[in-house]
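Sharing a structure here in C-alpha cells format.
Each chain gets a letter, A, B, C and D, in the order it is written, and its residues are counted from 1.
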Amino acid sequence: MAPRKLKIAISGLGRMGARHAINFHTRTPRCDVVAAFTPDAKEAAWAAQNLEGVTVYDDYDAMLRHQGLEAVVVATVTTAHAEQAIKAIEAGKHVMCEKPLSTSIEVSQSVVDAADKRPDLKVLCGFSRRFDASYRDAYERMKTGGIGKPSVFRSQTCDKLDPSGFFVEYARFSGGIFVDCNIHDIDLALWYFGQDCKVKSIVAMGITAVEPDLRKYNDVDNGVGVVEFWDGRIAYFYSSRMMAAGQHDMSEIIGTAGKIVVNANPQSNLVELHEPAGIRREIPGHYYGRFEQAFVTEANEFVAACLDDTELPFKVSGAVQAVKIGCALQESLNSGKKIFFDESGRRIEKANL
Amino acid sequence: MAPRKLKIAISGLGRMGARHAINFHTRTPRCDVVAAFTPDAKEAAWAAQNLEGVTVYDDYDAMLRHQGLEAVVVATVTTAHAEQAIKAIEAGKHVMCEKPLSTSIEVSQSVVDAADKRPDLKVLCGFSRRFDASYRDAYERMKTGGIGKPSVFRSQTCDKLDPSGFFVEYARFSGGIFVDCNIHDIDLALWYFGQDCKVKSIVAMGITAVEPDLRKYNDVDNGVGVVEFWDGRIAYFYSSRMMAAGQHDMSEIIGTAGKIVVNANPQSNLVELHEPAGIRREIPGHYYGRFEQAFVTEANEFVAACLDDTELPFKVSGAVQAVKIGCALQESLNSGKKIFFDESGRRIEKANL
Amino acid sequence: MAPRKLKIAISGLGRMGARHAINFHTRTPRCDVVAAFTPDAKEAAWAAQNLEGVTVYDDYDAMLRHQGLEAVVVATVTTAHAEQAIKAIEAGKHVMCEKPLSTSIEVSQSVVDAADKRPDLKVLCGFSRRFDASYRDAYERMKTGGIGKPSVFRSQTCDKLDPSGFFVEYARFSGGIFVDCNIHDIDLALWYFGQDCKVKSIVAMGITAVEPDLRKYNDVDNGVGVVEFWDGRIAYFYSSRMMAAGQHDMSEIIGTAGKIVVNANPQSNLVELHEPAGIRREIPGHYYGRFEQAFVTEANEFVAACLDDTELPFKVSGAVQAVKIGCALQESLNSGKKIFFDESGRRIEKANL
Amino acid sequence: MAPRKLKIAISGLGRMGARHAINFHTRTPRCDVVAAFTPDAKEAAWAAQNLEGVTVYDDYDAMLRHQGLEAVVVATVTTAHAEQAIKAIEAGKHVMCEKPLSTSIEVSQSVVDAADKRPDLKVLCGFSRRFDASYRDAYERMKTGGIGKPSVFRSQTCDKLDPSGFFVEYARFSGGIFVDCNIHDIDLALWYFGQDCKVKSIVAMGITAVEPDLRKYNDVDNGVGVVEFWDGRIAYFYSSRMMAAGQHDMSEIIGTAGKIVVNANPQSNLVELHEPAGIRREIPGHYYGRFEQAFVTEANEFVAACLDDTELPFKVSGAVQAVKIGCALQESLNSGKKIFFDESGRRIEKANL
C-alpha cells in the first residue's frame, strides 16, 4: 500500500506563494498539492504550466471545499492572511500561514483564538528562520549551556537595495519595517530568550536615507530598535532596505560565557574570486537565496506534523507576541516615544519618560 | 494525466547506495524507485523500513528484469561497478554508476565501449562535484574569461581521520588514494582544463603518517601528485586520510588574470562560536556533509536526461581518462618513477629521466 | 648635525602610561623622553629599569619644570587628566592627553578653553582609533564616495571578560561604560559623520549580566545606545565587559550605496588552527593587542606635528562633543529617559516623550 | 650614561636595502646607522635626504673601514651577497645578509665557512619569515604538540603579477623561481621539520603562462615542487609570478593530529567592503606589505644578538641547505628529472627513475 499523503492547497501564487507551491509539489514527498487559489490570471496560467494535476480556484471558499482537502498554506497578501487562516481552521483544515498573521495585534490574536478552539488542527505561522539549520544549531548549542546565560541578542534583517523603489508602495500595507523585516529577528529573540520573557521597554529610531517617500506610510528604510526585558536581557535590531551587496540577515546570541553568531559572513556559495581589485565573494541577493532550504524543511515538517499528529516546533501564539513588539517598535519610531510595560505586560505611562 | 515518472532501481544499499536510494525515493520527484538490489540481509531490512513500495532483490539479474524498469543506479562495491553497469546497458537501461567505473583502466574502458554501442541510453559516471553549485559557478566564471587562461589547478580531497583505521582494509580494493580520493580532483582538472588536454608527465609521492599498514596495499595516507599537460598547464593534487577537523575538499583554478577558489574555508553551516579559546567553526565530518546537495542535483538531472532525452552534462568517456591519470599517479607513487607520455598519449620511456 | 628631537615627558606610568613611555622611548625616533612623573614607587622602579636616561619625578609640577621640556603625554588616572593637561598647556608645553579629557563635560571643556588660548601649542586627545590604519583606510574610502552618503553607523567596544571583576571598582571613576568604552565609537561616529553633525535624540539601555555590583556606580556590563542626528543619520553602539573570546571592537559605516566594515572578523594574527573541534583562531585579549600599532603611529604623528608645526589630524574640541554624547547616553541608561536636543544643541524636554 | 648602541652599516640602498636602512635608522633603537654603501648616484642622493648623519660610501671596502663600525647589513644584488658578507666577516663585523647567500651552493657554503672561523661574530641570513609573528606562533604551537607529528608541509610564495615584465630580466640573476621565491618556503620546511631532516627525492615542474621569455633564463612563472624526506615527511611548494589580487604567501603544517595554517586568507588590513559586486577585501600588493613588521623584528633581534652576545634564532648554515634544495628543484624543473639522494645527502642515480 502506498504511504498516505497529505492533501494540501496553496492559497496565493505570488512570489512567495509560487515558491511554496513548488516546494510542496516537488520537494515534500509526503504530501500532494491538490488545489491552489489565486484571483490573478497570470498566476493561474503559471500554475497550469508548473503545477501539474493541481486544481486552481479563483475563489478561496471554493478551494476550501476541494474534495478531501486536509491542509492549507496561506501565502497571499498580508492583509488576507488572517481571514483565510481563520476560514481554513473553521473548515477543519490544518494551516500554515505566512508571517505576519496580520500587522494588527488584535487581528493576529483572532487567528490564535480560532486555532485554540481546534486543538486537533496544526496551525503554524511561517517563521522560516526557525527551520534554518544554522539557527537551529545555534539554539541547540545555547541550550547545552556553552555560552552561559543568553543576555544580549543582536539581529538584523537587511535587504539588498531595490532601485525600483518597489518597497515604497509595498510599505502601504507591510506594517512598517519593524513589522515586516525585524519580525523575524523579534521572533528569534523570543525563541532564544524564551517565549515567556516580558518586555519592559521599547524604543526605535529610523531614517529614510534612500526613499524619503516612505514617510508618507510612516515608514523608514533603515531602523534601529531596542527591546528591554524584565529579566535583565536586551535585544537590539537593525533593518535596512539599502544593502549594496545583497541580503544580509545575521544574529548574535551573547551570553555570559560565550557568543554564538549566525551568518556574520554571508556568502552565496563556496566560491571566492581573486581579482585585481582583491578577493571577493558574492552574497545572496534575496532572503530566499539565504533561506530556501529552511522553507523546504518547513514544508516537510508541517506535513509530517499533520500526518503524524506530532507537535509543531513552536506555538502560533508566539506570532502575536512578535507582532506586538514589532508594532510597538513601529509606534516608537513614529512617535519618538519610548514605550514602557509593567511586568504583567500592560502598557504604562511614565511622566516625562 | 499524471506526469510520466522514470522507473529506477538502486543496486547496492551500503553507505552511499542507501543515500542514493533515499535521494531518488524522496527528493527526485520525476522518478519512482521501483526496485533495489542487495545481497546483504541487513541492508534488505533497512530497505523494508525505509523504501516503501520498493521491491528488493538479492539477485542483480533478477532486479534488471523488474517489470518496466528503465534505469539503474550502480552503487555497489567498486569491484562490481563495471560488470553491473555493462549488464544494465546491455539490458537497455540507463545507468548512473558511482565513481570510479573501475580501478582498472581496461575495465573502465569496457563500460565506455558498452555505452558507445547504445547511444540511445544515458550513461553517467557519478562525479558528484560536477553537480555542486560552487564548482559549477566556478566553471561558468572561468568560461566567461574573468581569470584569463586557466593555467594551474590545485585541488585536494582530504578526509577526516577515521581512528578506527577502517581505511586500511578499504585500501585493499580502493585502487589507492589517488584513484579513490584524487579521482575527483583529476576529474575537475579535466573539466576545467578541457576534456581533451593531454598529459605530458606525471609524478607522485606519499607517506604513511598514521597508518603504516597501508603499505601492504601499496597505498599511503597522504599523497602529493603533479600532472603536467602538453599545452603548458599544470595540475597538482593532495589527498589525505588524517584531517583532524573534518573533510576539506578544495580547489583553485589559477588563471593568467585571476584565480577562482572553491571552499578555501570549509564550514558545516553559518554558525561561529566565540569561546574563551577564540572563534571556532565546525566543518563537515564527511564528504556527504559537503556534497549532499550535489548528489540530489545529480539524481534529478540524471532522471531529467533520461525522461527528456537531453544530454548529460559530461561524457562517460572522461571517467576513463580520470582513472588513467589516477592509476599513473598511483604507479609513480609506488615506483618512485616520473612517468612520461607523448602527445598522442602513449607512454614513453626516457633514459634516466 | 643631528636632527632636532622633541623633549618629552610622560605623566603616569600605569598600564597605559608605561606603554606610552616605551613607545615614545623606543619607537618614536624624533623624540627624546627626558622626564616622567609617577607618585607610585613601583612604577618609579619600573622606570629605572626600563627608561634609561629618563628623570623620574614624584611631583608633576617639578616634572613640568624639567630643563628644555617641550611636550607632555598625560596618561594618569582619568580624574587627573584635565588638571595636568591644563597645567602643561599653561606652562607652554604641547600636550597629548589620554581619553577622555574628563568624564565631566565642563571639565573637558576647560581643557579646550586652555588650548584655545595657546594656538601655538599642539593639544591632542588620544583617540587611538583615529590613528589605526584600518579606520583611516575606511575613512578615505568613504570620502572618495564609494558608499554614497554615510547614513548609519554601528560600532562596538567589547572587552574580554575579566573574571577578577576589576572593572567594578574601576567603574567608580570611569564615567560609565558609554563614557569609558563607547567614547571611542562616538568619536568615530563624529569623524565619519562630520564633527559638526548635531544630535537630535539619545537613548540607552543596559544590563548587568555578570556584575550586578556595577549598579552601585550607576553602570552596567552591557550597554546599547542609539544616537539620532538632525541631518537624518543614526549611530548605534554596543559595549560589553563580558566577551569570552577576547577584545572585539568593530564598526560599520553604512552608506546609501555600500558599506565599509572594520574588524568584523577579529584575529590575533594570521594563524588558523585545524583541530578535532573544528577551525579556530584566537583574537586579541585586550584593546592594546588590537591597537598597539595605532598608539605607535599616534606617538610619531604627535611628535611630528610638534616639531614641524603641522596640524594634528583632528581638533581637541571634538573630545568634548564625544564626552557630551557619552554622558547623555549614560544619563539615559540610568534615568530610562530618552533625551532630546534642538538643532542648536540645547536640551529640550518633550511632554511625555 | 646613554646605553651603548651598535654601529651599523647598510650595503646596498636599492628597494630592499633602502627599507633596511630606514628600519635600522628609525625603528631599531639600539643601533646607530653610521655608514652605507652604494655605487648608485640616485641611491646616494636618496640617502642624503633620508639617512641623516649617515656617511655614504661608493666603495664597499672603504665603508668597511668606517671608524667604529661593528656590523654590516648586506642588501645588494644577490650576486654580491657572498663576497661582501665574507669581506665583512673577515674584517670582524657582524653580518646580516639578505637571502639567498648566493644562488650557488658552493658560494653559499663559503660564507658559512667564513662565519665558522669567527664564532665570535653574529652572521644571519635574512629569512624574514622566521621573524614573522604568525610563523613564530605556528612554530610554538607545533612544538607544544597540538598537531601531533608534523608530516606534510605545503607552502607557497606567490607574487602579484607585475605587468611590466620586470621579473624576466630579473630572472637572469635570480637563480630561478625556486631559489628566488620558494627559498622562503624551503627554509620554513627546514624550520618546521627540523634543520637536520634529510632529503630523499626532489621533483619540480613549471610553466610560463604569462612570460614565455623566462625560458631563456631557464625559469618559469609558475612552479610546483615536491620534496620527500627520509624520515617520512613531504613538503610541497608552489610559486607564481602572476597573482591578480596581490601577494599571497601561505603555509600549512599538517600533522597527524591537526593542522596549522598561516595566512590562508590574506588581507591588507581589517577593512571589508560591501559593494554591489559583493564583499571584497584587498590584499598586500607586495611581500613587504605582508612582512614589514617581520623585517623590523629582524633588525631589532640582530642588533640585540650583537650587543648582548646572545644566540641568533637560527644558524646561517641552514641557508646553504635551503639553497641546495632550491637549486635541485630548479634543476629538476629544467631537466625533467626526478633527483634522488641517499641518507648521507649524496646524490644517487637510479636507472630509469
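Going forward, a contact is a pair of C-beta atoms (placed from the backbone, for glycine too) under 8 Å apart; a residue touches a chain by one contact, two chains touch by 3 or more.
By chain, with names taken from UniProt: A, B, C, D = Gfo/Idh/MocA-like oxidoreductase N-terminal domain-containing protein.
Every value quoted in this text rests on a predicted model; they were computed, and no experiment measured them.
More inter-chain C-beta contacts link the pair B-D than the other of C-D and B-D. Chain centre most remote from that of subunit A: D (centre = mean of CA atoms). Averaging Cα coordinates per chain places subunit B and subunit D 41 Å apart. If you average the Cα atoms of subunit A and of subunit D, the two centres end up 57 Å apart.
In subunit D, the positions touching at least two other chains are 243-245, 257-259, 264-266, 274-276. Within the complex, the subunit B residues that touch subunit D are 147, 149, 151-152, 154, 201, 203, 205-210, 222, 224, 226, 228, 232-234, 236, 238, 240, 242-245, 254, 256-259, 264-265, 335-338, 340, 349-353.
Every residue of subunit C that touches subunit B in the complex is listed here, in rising order: 243-246, 248, 265-268, 274-283. Across the complex, subunit D is touched by residues 2-3, 25-27, 29, 52-53, 133-134, 137-138, 141, 146, 257-264, 266, 268-276 of subunit C.
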